[in-house]
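A, B, C, D and E are the chain letters, set down in written order, and residue numbers restart from 1 in every chain.
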Amino acid sequence: MSKDILVIGGGIAGMQSSLDLADMGIKVHLVEKLPSIGGKMAQLDKTFPTNDCAI
Amino acid sequence: MLDVGRHPNIELLAYSEVEKVEGEAGNFKVTIRRKGRYVEEDKCTGCGACAEKCPTVVSDAFNEGLGERRAIYSYFAQGIPSTHTIDADHCRQLNGKKCGICAKTCQAEAINFDQEDRILELDVAGIIIAAGYDVFDPSVIPEYRYREIANVVTAIEFERLLSASGPTGGHMDRPSDRAVEAEIAGLEKKAKKSQKAISKLEEKFNEPSAQFYKKYQAGEYKDDEDRKKWADKYTAHLAVTEPLEELKKQAEGFTVAKRLAFIQCVGSRDFRFYPFCSGYCCMHSIKEAIISHEHEPETTSSIFGMDIRAVGKGFEEYKIRGGNNSNITYVRGRVAEITEGPDNNPVVIYEDTRERKVKRQEFDMVVLATACAPIKGIAELAKTLGVELDKYNFIKTSSLSPVDSTTPGIFVCGCAESPMDVPESVAQASSAAERAAEIAFQMDLEKEKAVA
Amino acid sequence: MPEKKEDIRIGVFLCHCGSNIAGYLNMEELAEFSEKLPHVTFVQRNLYTCSEGGINEIKKGIKEQNLNRVVVASCTPRTHEPLFRSSCGEAGLNPYLFEMVNIRDQCSWVHMKEQEDGTNKAKDLVRMGVAKAALLEPQESIMSEVQVRALVIGGGIAGMTSALALANRGYEGGLVEREEALGGLLNNLNKLGPTMIEADELVEEKTRSVTGNSNITVFTNARVTEVQGFIGKYKVDIETESGVKKIDIGVIIVATGGRPFVPEGLYNYDGKRVVTQLEMEKLLKAGLDPAIKNVVMIQCVGSRNEERPYCSRICCQTAVKNAMLIRELNPDAKVSILYRDMQMYGVENEEMFRDSKAKGVRYINYDPANPPQVEPDKVRVYHALLGRDMDLPADLVVLSTPLVSQEDAEVISRLLRVPVDENGFFLEGHVKLKPLDFATDGIFLCGSAHFPANIREAVAQGLGAASRASIPLSKGSVVVEPIISVLADEDACRGCGLCVALCPYGALEIQKTEKGRKVHVIDVACKGCGVCAATCYQHALSINSFTDQQIEAQLEAFLD
Amino acid sequence: MTAIAELIDTTQTYFCLDCGVCTGSCPVARVFPDFSPRQIIERSLYELEEASDDTIWDCLTCAQCSVRCPANIDFPEFVRLMRDEAHAQGFDGVPAHNGMLQTITAIQTQDVAQNRNFWIEDRKISDKGDILYFVGCRPYFDVVFRDIDAGSIKGAQNVLKILNNCGVEPVVSNEERCCGHDALWNGNEEKFKKLAELNLDLIRSSGAKQVVFSCPEGYYTFKNFYPKYFGELGFEPVHILDFLADKINEGVIEFEEKDEVVTYHDPCRLGRLAGVYDAPRELLKAIPGIELREMPRSRENGVCCGTTGWMNCSSCSKEIQMERLSEASDTGAKALVTACPKCQIHFRCAKSAFDLEIEINDLYDIVADRMILKK
Amino acid sequence: MSEEFSPKIVTFACSWCAYSAADLAGVSRFQYPPNMRIIRVMCSGRVNPNFILKAFQMGADGVLVSG
C-alpha cells in the first residue's frame, strides 16, 4: 500500500494541493487532461484586486 | 507553476486522464491513460523550433480561438511541461500526407510519430478532485446574439485580448476589425500575385494595363488572343484590388475599442441555465474594465447587473476605485437584448431600474460575464470515482466538511466543488491537501505499528 | 573576498539550444570572445547544455579543467538554474559558484533579424556574467530545526478546526482562547445557514473533540503576551488565570476572529425594538414573541460607508437566514429586507435567497443617499426601484451590521510582527496566492481574523491553515537557500533600525551587542529581496550572490 | 390571503429578481415609458394597486419578456390571471373597434344560426370524418375589415385547397364557434369556457380524430388551455405545418419554381408560446426559388405585431407595426410572410395607413399558389 | 555625426515578474531593439539608488528599474 495522493486537475487548485502535499513529503501524481498545467488562471491577464500578473 | 514542474515529490502527468478507480480510502488503484503526444517527453527541450517550421495552422484554444497555433505546439508559451504536442487531428504526417518537417527540424530527435497512448497503474491513499470548470457558452441565449454579432465576446476571450501575450498583443482590437484586417491580408496576397501577372504583360506590350483596358473595352484588339488574356487577367486583378481598396479605406477608421459594456449574470442567476451566482464574475468585469482603462485612458466602461457582488477582502474598495478612477459606471439593470448598430457597434437595450427607464446604448465592444459551468465530463469522472454530484453537477460536499466528497478518501477543491475565485480556490486546495494528508499519514502510522 | 584573483578559473558553456540560439547568433564569434575574457580558462559549445550529455560536459570540465566557477549561457535561470546548480554540486563545486546568462529568451529570440547586434549583446551578457562569476563566493544552505508543536490563537470554529486537524496528523499543540468557553461567535448564534444546524450542537461537538484530544492543550481565559523567535523556534508566553505559561513551538496559526459592530446612534438602535442580527439570533433562540407580525431588516448598517468602506460579506446571508426562521416561527409575520446589493454569492447562498422569496420574505432596494427612516411603529423607505416612498409597519427592526476586527488585533499584530490592513484585519502574504499565509514564514491565518467568513469558509480555511502550518512540522526543519541578507560590515551598522521597519518578512531585528545596537538577520526568515541592502545608507548589509560589488561589476562589464 | 397574493404564489412571481429584463424587452415599454412589467410585479408583491392597476391591460401577452426572464416568470400568464381577477372585480380593458369583435364572440356563446361556410364554394368538405379543419374566426374578419383587404377568407380557401389537393376532404362545420382565445386573454374566463364547451361537443360529435388548425391562436388554445380546463380532449390538435411537412416528406406535394425574396414574421402564439420556429422556415425553404431573408429580430427575438385579442389598438400598436414593416423592408424582401391571420390584418392595416412598399402574405397562400399536385 | 544614436540602456529586473516578462517576450518572439542589458535581481527593492547613479556615471543613456 502506498501513501501517495492522486490530484486530478492542474489548475490553480490542483497545483496548490499538490505543492502542499509534496512539501509535506508526500508523493503526488498530478493528472492534467491538457498538454500543460496552469488551468484557467494561466489565461488571465491580471488578477483583482491588486492587478498582479496571473502567472 | 514552475514549482510544480520541478518538485521532486510531484509526478506531473499532463495530457493524461483517469480511466478507472478501484478500492477505498487508503488503498485506491488508479488506471491512467497517458495520451500520446508523438513527442518524447525526455528528449523534448521545449525549444519550439518545430512549431516555427510546422506548416499547419490551427485555431488556438488557449487564446479562445482568437489566435492561431501550429499542429505541433506548446499549449501556451510558458506552459509546464514545455514538452510540445502534436495535434493528431490536424498533423499532416499523422493524416497520411507527406510532411515530417518537425522531425527534420528537431535536433533533439524528440519527434516520434509512432508514439502510442500508455496505460499507467498507480496505488494511492487518497484522491483530490481539482478538475475546474467550464466557461458557459452564451450562444444559447438568443437575445445576446453571441457569435452573430462579432464584437460581443466572453470575459475570457476579452482576457486574451487584454493580454500582452495574447493574439492582439494587448491591444483592444475589435474582432470585427480583425476580421477585416485578415481579409485585407488575404486579398493583398492575391493582389500581389495578380499584379505580378499583369506587370509581365505590361512590360511585354509596354503599356499600362488601365490604358490598354480602355482601348480593349472600346473594341480594339478584337481577335488578339494574347490581349484577351491580358484583359482577363486585368479584370481578375481589379476584382481583387477594388474590394481591397474599399476594405483598406474602411480599415483606416479602425481604432481600439474604447466604449465597453460588461454584462453580468450571463447564464448565472438565470433559471433557464444556472440559477446560482458564479461568485467571481462581478469582480472579473471590474478588473477587466480597470485594466482596459490602464491600457487606454479614454476608455469608458458600463457594468450592467443587478447586485454587484464585491464580497471579498478589498473588493468593495476596488469597485469604488474603479468607479472613481477608471471611468466605470455601474448600471443597475440586466441587459434585455443586444442588437447591432452602425460600424459593427453592438447596441445594448436595458431598463435602468434605478431610473426606471428603458435605454439603448451603443458600444464598441460588449463583454459577457459568463457563468461558471460544471466542467464537461464531470459526470463520467464522478462515476469513475464513485462520488456524488449535486443538482448542478458540482461535486457534492457539506458545510461542515467543505472538501470531503461523499466517498471517504476522495476530496475536492476549487470550482469543481462550486464556483469560487482564486484565493478561495487556493485556501480550499490547502484544505483538501490537509484532509488527504490525514489519510496518507495514517498509512504511515499504521505502517509503523505493523513494523513494531 | 576570494583570496587571490589569479586563482579563479572560469568555464563558460555556450548552449546552441538546437538552432534556437545558434540559428540567430554567431556562436563561433561568441566563443572566441569568451575565451579572451578575464579568468576564463575554458570555453565549450554544446548543442543542448541541459541534455544529459551537456551536463556531463560541465562535470567533466570542473574535474578535468579544475574550474572553480561555471557560467552557462543558454536560456533562462528561472527554469534551468536549479538543474545547473545541482550539477555543479554533484561535481564537487559549490553550487553558488555558478552563474547563468540568458542569451536565448532575452537575446536570440528577441533579435532574430539582427545577427550582428544580437551577437554583440550576447557578448556583453557573457562578459557581465563572467564579471559577476569572478566575484561569486561559496554559500551553504541554511538549515534550522523546527520544534514540532503548533500554537493556535483563537478558539472559534476556525481555530478549533485547525487545532483538530493538526492533532489528527499527530502534531501536538496549544489552543489559546480569551474567553471562558471555546466556540467564539458561534456561542451567540442560533441556527447556521444554509443547513440550519444548531450552533450549540456544533460548538459542543467541536469542544468535546478538542478538549478530548490528547495532542491539544487548551488554554481558556488566556491571552498571548509575548512572542519571541522565528519559524521553527518560537517562545510564547501565555497569561492564564493560574499564571504565565511559557511554551516552545514551531508554528503559529492566527484565528482570532472578528466581532460584530454595535450600531450605537444608528437607526434608533436601542437593543429592544431595534436590534442587531446578533441580538436577533438570541430572540430566535428563545422562541420568537408571537405578537411580532412585522419585521423590517436593514442591510449595510455601519458598513460600505466612508468610515468602514468594506462589504462584510456574511451579513446578507445572516439576514436571509433569520428572515426565513422568523417566517417559520410566525408564519403570518411579514418580513422585508431593505438592501443595497444582496450579497448572496455562490451556489448555496443564492439558493437560500431564492427559497426565502418562496417563503414570503420580501426585498426592497434602498439608495444609500436616501436611507430608510426608522420611526416608532414603522420604517419609511424610498423604494429605489419603484421610485416611491413606502411605509412598512414594524414591530421589530433588525440592523445588519458588519463584522469588524478584534479589539486586540493590533496587539497580536505587534507581538507577531505581522501586518493588519486598513480595516484592522490581518493582512495575508498574497491576496491571491497566499490567502492563509503571512509574508513571514511560520505564521498562518484563517477565519474572520482575515476577513468575515461563514461557517463553511471558516472550516475550510481552518483546515487549509493546518495544511500550510504542517509543512514545516512534517519536515522537522527548514532549509533556506543562502541567497539572503548578511551584515557584511558590522562596524558600519549604527543600529538605526530603518531596515527592520522596512523588511516585509520580519527577518531583521536589532540586538544589543558589545559594539552597541546592531542589526541581526534571522536567516531562515529572510527571502533575500534586498530591500534592506538598498536602504542601508551605511552599506552595512549585503545580499549573498547579489552584492554591491557583483552588481557593479556587471554594470562595469557592460558600460566600460 | 388576498386573491393577488394567491396568484403570486401559484405563478411563483415572487422569484422576480427585479432585474428589468422584462421591461427592457417589452415592445410596449419602449413606446410607453410608464408601462413596466417589472413594476407591475413589484407593486403586486406589495399589493399596492392590485386589480385596479390599469396598466395590466396594456400588455400584449407576446411573451417577449417571459422567454428571457431569468426567473422563469410567465408574465403573460400572470397578467391573464390578474385580468381575470380584475374582470371579476369590475375592471376591464379597452376593446378595439368599438368592441365589435368581442360582441361577435359573445353572440357565439348563444344558440345562434351562423352562415360560416359561405366561402367554401366548390372546395370539397365532409360532414363526418377523421379530420376536421378548424377554420376559426376568419369568415368574420373579412366582413369587419373589408376596407383593408384582410385576406382571411382567401387564406381559409387556400388551406382547404391544400388539404383537398393532398386528398383530404375535412369536416368543416357551420356550427363552429370562436376558440375562446380572446376571451381568455381579455380576462373573461366564463366566456372562454362557454365557447370551448360548444366547440368540444361539436368536434366530438363529428367523430374527428385530428383537428387541423391554420390559425396559431386556435392551435395554441386547443393544445394548451382546452386540456387545462376540460381534461382529455379525445382528439389531436394538429398544426397545418406538421401536416404539410409530412406530405412534403412523403413526396405528395411538389412546387413550381419561381424566384422570390421573402422575410418571415414569427407570430407570438406560434413562435414563443407554442415553440414553433423551424417548421415555417423549412416549409419556405422547401419551395424552390424562394429566398428567405431573416429580419434582425426573428425567432425568439421576433417582435409582436402590435395588438392581441382585439384590445388596445393604439398609437403604440402603430409604432410597433411601422417599425416592424421597415425592418422587413430593410432585408430587401418583396414580401413579409406570416402564418397568422391577425398578424396579417394588423400589418395590412398599418400598410394601408402609411403607404409602404412591402407586400404582406399568408404563408399558406404561397403554398397554395405554388403547389403542383403529384399523383 | 554620421552614426545613428544607439543608446545604452541598463535594466534592473525583478526575477519574479519583470524578468519573467522579458522571458515571455522571447518565448512569444517579440522583437525589440538590442540596446538593453538586463541585470537580474531577486526583487526590485534590491536596487540601491547608487547603482542607478553609477550606471549614468559610467555612460548609460537610460536605466530601467522594473518589478
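The rule we apply is simple: contacts are C-beta pairs under 8 Å (C-beta built on N, C-alpha and C of every residue); 3 or more make two chains touch, one makes a residue touch a chain.
Computed from a predicted model, the values in this text were never measured in an experiment.
Engineer: Can you tell me the least number of steps between subunit C and subunit D, where a step is a move to a chain it touches?
Structural biologist: So the least number of steps between the two chains is 1.
Engineer: Which chain has the mean of its C-alpha atoms lying nearest to the mean of all protein C-alpha atoms shown?
Structural biologist: If one averages C-alpha positions chain by chain, the most central is B.
Engineer: By mean C-alpha position, what chain is farthest away from subunit D?
Structural biologist: E
Engineer: Looking at C-E and A-C, which one has the bigger number of contacting C-beta pairs?
Structural biologist: Comparing C-E with A-C, the pair joined by more C-beta contacts is C-E.
Engineer: Quick check: how many Å separate the C-alpha centres of subunit D and subunit E?
Structural biologist: About 73 Å separates the centre of subunit D from that of subunit E.
Engineer: Just how far, in Å, is the C-alpha centre of subunit C from the one of subunit A?
Structural biologist: Taking the average C-alpha coordinate of subunit A and of subunit C, the gap between them is 17 Å.
Engineer: What is the distance, in whole Å, between the centres of subunit B and subunit C, each centre taken as the mean of its C-alpha atoms?
Structural biologist: 30
Engineer: Just curious, how far off is subunit B from subunit A if you go by their C-alpha centres, in Å?
Structural biologist: Taking the mean C-alpha position of each chain, the two centres sit 19 Å apart.
Engineer: Mind pulling the residue numbers of subunit E that touch at least two other chains?
Structural biologist: Only 20-21, 23, 27, 30 qualify.
Engineer: Going by the touch rule set out above, which residues of subunit B reach two or more other chains?
Structural biologist: 48, 78, 82, 164, 269, 306, 312-315, 317, 332, 353, 356, 422, 426, 428-430, 433-434, 437, 441
Engineer: Mark out which residues of subunit A touch at least two other chains, giving numbers and ranges.
Structural biologist: 20, 23-25, 47, 49-50, 55, in rising order.
Engineer: Please name which positions on subunit C make contact with subunit E in the complex.
Structural biologist: Checking each residue of subunit C against subunit E gives 76-78, 102, 104-107, 109-114, 117-118, 120-121, 124-125, 128, 483, 527-531, 533-534, 543, 546, 548, 551-552, 554-556, 558-560.
Engineer: Which of the residues in subunit B come into contact with subunit E in the complex?
Structural biologist: Subunit B residues touching subunit E: 48, 77-78, 164-165, 169.
Engineer: If we count contacts the way the header does, which residues on subunit C are in touch with subunit B in the complex?
Structural biologist: Against subunit B, subunit C makes touches at 17-20, 23, 47-48, 50-51, 78-79, 82, 165, 168-170, 192, 194-195, 197, 202, 304, 309-311, 313, 341-351, 354, 365, 367, 384-387, 421, 425, 431-436, 450-451, 455-457, 459-468, 470.
Engineer: Once bound in the complex, which stretches of subunit D touch subunit C?
Structural biologist: Residue positions touching the partner: 12, 14-16, 18, 38-39, 42-43, 45-46.
Engineer: In the complex formed with subunit B, which residues of subunit A make contact?
Structural biologist: Interface residues on the subunit A side: 1-51, 55.
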